[in-house]
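Shared between the two complexes below is subunit A, which has subunit B as its partner in the first and subunit C in the second.
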Partner chain A sequence: MNELIKKAVALLESDSVQVIIGYAEGTGTRTRAIFITRTADCENLIFDSRCVQNLAVYLTKSEIKKLGKPAIVAPIPVLRSILQLAVENQITENDLVVLGITPQSELVDFESFAAIEAFLSTHQIVIEEKYQETIREIKAMPVTERFAYWVKELEPCFKCYACRAACPLCYCTRCTVDNNQPQWISVASHPLGNLEWHIMRAMHLAGRCTDCEACYNACPMSIPIHLLTKNMLQDVTENFGTYGPSLDKLNTLSSFKPDDKESFIR
Partner chain B sequence: MSKIGVFICHCGENINATVDCARVAKTAGELEGVEYSIDYKYMCSDPGQTLIKQAIKEKGLTGVVVGSCSPRMHEPTFRKACQEAGLNPFMCEMANLREHCSWVHDKNEATTQKAIDLVRTLVEKVKLNKPLYSIKVPVTKTALVIGGGIAGIQASLDIANAGHQVILVEKDPSIGGHMSQLSETFPTLDCSQCILTPRMVEVAQHPNIKLLTYAELEKLEGSIGNFKATIRKKAKSIDENLCNGCGTCTTKCPTKKIPSEFNTGLGTRTAIYVPFPQAVPNKPVIDKENCSYYQKGKCKVCEKVCPTGAIRFDQEDELVEIEVGAVVIATGFNIMQPSEFPEYGYGKYKDVITGLQFERLASASGPTLGEIRRPSDGKIPEKIVFVACAGSRDPAKGIPYCSKICCMYTAKHAMLYQHKVHHGKSYIFYMDIRAAGKNYEEFVRRAIVDDEVNYIRGRVSKIYEENGKLIVRGVDTLLNAKPVEIEADMVVLASAAIANPGAEELAQKMHVSYDSYHFFSEAHPKLKPVETNTAGIFLAGACQAPKDIPETVSQASGAASKAIILFSKDELSRDPLIAVVNRSPAPVFSTCVGCFMCASACPYQAIGEELITNRQGKVIKKVAKVNPGLCQGCGTCVAFCRSKSIDIQGYSNEQMCAEVVALLNND
Partner chain C sequence: MQTENYLIRKPSLEKLFNNLIGSGKTIFAPKAKGKLALFDNVKAYGEITEDYIVTANSAKSVVFPRTEKLFSYHKSKEKTEITDAANSSFPEVILWGTRPCDAAAFIPLTDTFNGDYKDIIFNSRREKVLLLSFSCNKSDDYCFCTSVNSGPGNTSGSDVLFTKLPGGDYLAEVMTPKGQLLVRESIDLFEPKPEEDKDRNLAVVANRFNQKEIQAKLQNLFENPVWDDKSRACLGCGSCAYVCPVCSCFDIQDEAHGNKGTHLRCWDSCGFGLFTLHTSGHNPRETQSARWRQRILHKFLYIPNKSKIAGCVGCGRCSRSCPADINILETLTSL
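Let's turn to the complex of A and B:
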């Protein structure tokens, strides 16, 4: 990705940005996030199929904000997150430079968030058939069996909150789970506490999640928590129309349209 | 350390007959933090309130729980009592032991236990209550009246005469509504237009009334005292300042065959038209749907003949924003089209008409200049049949309710017919005669006795044409229930009064509730008949339910007086039970992250933004801010806030959690 490195060097040299958020080689075969402030370090930038971490998570972190204006290496999942963060008033166009990367690994410039939205409209979120199959199977279970399924799946969780740390949309200054006045969510890693945490996490992403799978990739116990958000995404699409962040649309679940389905109200 | 006082009311026998009040008081007295607990026969009585006041003073209570009726009934009573004793009124809570307990359960142990649980949860809540202070909101002393029928006219005049500004919005080109279409009015038979038009003129001339005709409500935001309404002024295609109402355009317009809405299709009008001669304002509008120029791009005759050059083909709809403190809804009703009842043959036979069409035939300003002539051939009908309840009181095919006005107007129609066609014969098929009202029964008697109208108690099963006559088949259920057949020249159907089309949409725009028939709902069927569930929005006339003119006028004056009461003070005092965004010490300042999901979820547009700055004025953080004047305390934002940064004062997350925990720790 010589082109990417050249671009990064140019951005830093011209002082258009003060930090480049990108991918670099990590331990073993893994990649890691890198925050480059000196042109000399730009040669460490890489991009390949191993780079799946969602870098947008760093855009709202105060430690990174302190480094100055960033340029961010942004494959499609990152682009979606950037747009959703914009919808949620967390970033503005002047806050960052987006180094977009197409699925063909080509570098693409975005003049504005609107340009990102236009680009993404040709790259809609698609839930893979294997996941749809699993979701169908889970939904077909009787309630008690489904409950038991999730209790078992969530059992290994020891509340490391890596899912929360990896999610670009979990940017709250104080997470509800950390709130102890009153303590709504039990912090202990017992079945009830785990269930409460994961239900809350999924619900807080309803209508917002852009299906980047960063939570699942971050989970040290490989708990399929992304099934929850994927299912939610399907439900929102079915009930309220198209899905995915859009700048001129209000958030799906906090806005009302007269033609919204009301079949769930009895 | 909390010192809570618990006061259990027997409500006479209402609570005590089912709940063991003495035991509730005794058990509550043993709860942690409860300093004093007592039961009494009527806590709302003067001695009952004195009990509370004395306990506050003598025991130094920090909070009060009254276990009695619904807070809707006596919360103000008890809060005021607490205030008089020096306790902040919002340190007083009510446990609803009547509606939520004694009235809905049988007398048994579980019922008393539930009462104890209800009191216990409130004790836990009150421990976390904080003193709160009323919010003062300025009042915009302008009323918006929607609908320019007799209800809207009366309400506007009353409010304007009290010295306040009124904006009257009417969707049609003229005010007047249904009343302007009527011929004579029961029970006095005075001419409808003769009594209405002076009021219409008064509206037009009143310095405090701004009249917006051919206009509709587009959007209503804000709340009591401070609404912001957006009105769509539909393009009239004329310059109202230049038009002098000479009427040349309406006589020269070549498109003349448009069925006149005012004459219920019995007459015609032109494309540029004034609905009726006494219209207010008496200035025409162009009906774009039927105008040759708008449809085909050719004509412009009106523009050529207009002496003042007032025609504006390029005029567009205009949106005006107005600020008002109160809204009176007076959008009226409509009549059900009897074509839904094929057995009556309406739409198939020209001489089967509705009651409203008969009004036009009987009206001096109508298509026949007041002569009763049938629509098909203009002949004077010798025999006429009136069918009451044509759709009303018919749960199977029509509407289940009684349209209320038909008994009286049908008697009036028959009477008018007999007065105009002396040799004619009139018949009325009816279910019951409902003539409750001042001089109403006497009026119906007069029709039967003096004017010899034939009342037949029974229903009509079929109307069909044979040899130029309308054969009306029915049954006379009196006199051994005989089938009846009448050869009539004309039939008048008293079709049901229904809600206006679009009433549901309008209700949603204004956040007022409506019933299953789409009539707007009053806040209380007996005690709040003109209020809606949304504070500051009042109802007048048939938009609430079918009504006759006297009733409509009284309700309109009632609604107007509610608006005037609202305008009698410069400031409104509101309960401080509203949402607030939290604040925390630096460097966090507030746990709000400024995603503004709350703002899009808020049904009252009460959430804006606030910039937190440092001493140098540099913006550190952008957070949500609740406008206390607009917030209704519904709590939607609280449910939406992921970080729990927004809370309802008096119903905080902490208090709710304490209540839930108290219920769960039930041992």
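Let's turn to the complex of A and C:
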């Protein structure tokens, strides 16, 4: 990744950006996010198949924003999140440099969010067959069995909210679950509280989630919560057409059209 | 009491488990889940995994459940009836397969719930727990028990500590009257103690820092760039606190349904911004670095100042589970 390092050095030297958000070696075989403000540290930048954390999550964190204008190392999942954040007016083109990385590990420059969208149109979200099969199996269960399945799967959840914290699209400074006047969602992680939280999380991401799996990767208990968002993604695709962030389109489930085909909404 | 040592052969260990299950005991033990091992309720010996360094979750929930009902109430026109959970009877629980660090964690955890206020519910649960620990014969780079006065064969907190010997039999060190009682009930399974040296069968965990030195340094480190440096990638979740066997912060919640309701104690974490947010909107710990500093200071300065022992047992769970690879050992060794 010499090219990436060279580019990062050039961006910092020219003061085009003040911080590079990228990947570095972590503990053991892990990698971790790195926030580089000095050219001498750019040599720590790496990119390989272990770099799966979605760095787009840091673009909206106040601690990182304070460091100045960022350049961000962005493989496909990060690019998708950047585009969705742009759709939701959370980031602007002028405040960010995107160091795109293709599936072949080549560095690619993006002049605009539109260019990211054009690039992503050739890299559509695909739900892997193994997940499609699991989702089919769960959907085929009778209601009581399906309910029992989720109660059991969600049982280890202790509400550390790592799923929320790792998700680039969970950027609210105050989440509904943190409100206590009134309290909408139970704070307790008993079976009902866990169901409420995970259903709410999945529904809030329906039509927005870009299937990066950051939530699942962050879960310390390995709960398959990504099955919920993958299912929502499939449902949205089936009911509303092509899926994926797009600058010209509004979010599927949070937009209103006077000529909606459903009569209840009019 | 004087420690009693025995040999227990591999097949006898399974029989011991079956005796306990047969007598109606609730057993929590490590169960495999994908790449993880989790403490979970087990009914059969075959469900237990031996392939783990430590479980991903800690064992603290048997004495400090993530959601604990403190009392419930029922209002009617005439009166309000309150049912205090402290009066309930708590189940006898056997923890099978705790590591020495897990067992050691019960000491600071018990201290916390026995300060100015003696927590009846916690203590009632604690009395009913039997800790059957297993020494570590492997470790990883996240382990640092030896730096916090523990070790891979440490007996503190355990009722019985089993150490696997070459050939698959176990040394059983019986540490407490509760452990003695267990042995007496299945005495035919225990044989005279083996000649084999215990220490040769333990994992090697290198000493990484001096706890007293860390404590002394932390006295004057409240304002220091290290907190920012080491926590910059922090996502602000509560994973580190929730997998920690010593962390004991909680939040009180009321769940009301018409005339009925419950008063609950739920886990909380200093990693959350909401943890210190005032009603005025002011937050004395405004950034993740201030929250990370609090976590370190609490464990390595405040708790040791108060009760002489660290609020950390070096299990490494927080570092292993951190989605941003923030490593507690790395912070401590760079102070």
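Basically, the second predicted complex is superposed on the first by the 255 of 266 C-alpha atoms of A that agree within 3 Å, B and C clash if a C-alpha of one lies under 4 Å from a C-alpha of the other, contacts with A are read in each partner's own complex, and residues count from 1 in each chain.
To be clear about the criterion, contacts are C-beta pairs under 8 Å (C-beta built on N, C-alpha and C of every residue); 3 or more make two chains touch, one makes a residue touch a chain.
Bear in mind that the values here come from a model prediction, so they are computed numbers and not experimental data.
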Touched partner set for A:Glu63, first subunit B, second subunit C, both or neither: second
Subunit B versus subunit C as contact partner of A:His226, first or second or both or neither: neither
Contacts of A:His198 with subunit B and subunit C, given as first, second, both or neither: neither
When both partners are placed on the shared chain, which of subunit B and subunit C touches more of subunit A: C
First (subunit B), second (subunit C), both or neither touched by A:Leu250: first
Partner chain in contact with A:Lys7 - subunit B first, subunit C second, else both or neither: neither
Contacts of A:Ala162 with subunit B and subunit C, given as first, second, both or neither: second
Sites on subunit A touched by subunit B in the complex: 88-90, 171-176, 179, 181-184, 204, 250-251, 254-256, 258
List of subunit C residues in touch with subunit A within their complex: 33-36, 38, 56-57, 66-67, 140-142, 232-233, 235-239, 241-243, 251, 253, 255, 264, 266-267, 269, 272, 274, 287-289, 319, 321, 323-325, 327, 330
Complex contacts: residues of subunit A adjacent to subunit C: 26-28, 30-35, 53, 57-58, 61-64, 156, 158-162, 164-166, 178, 186-190, 193, 214, 217-218, 220-222
Residues of subunit B touching subunit A in the complex: 505, 508, 588, 591, 593-598, 600-601, 603, 622, 640, 642-645, 653-654, 657-658
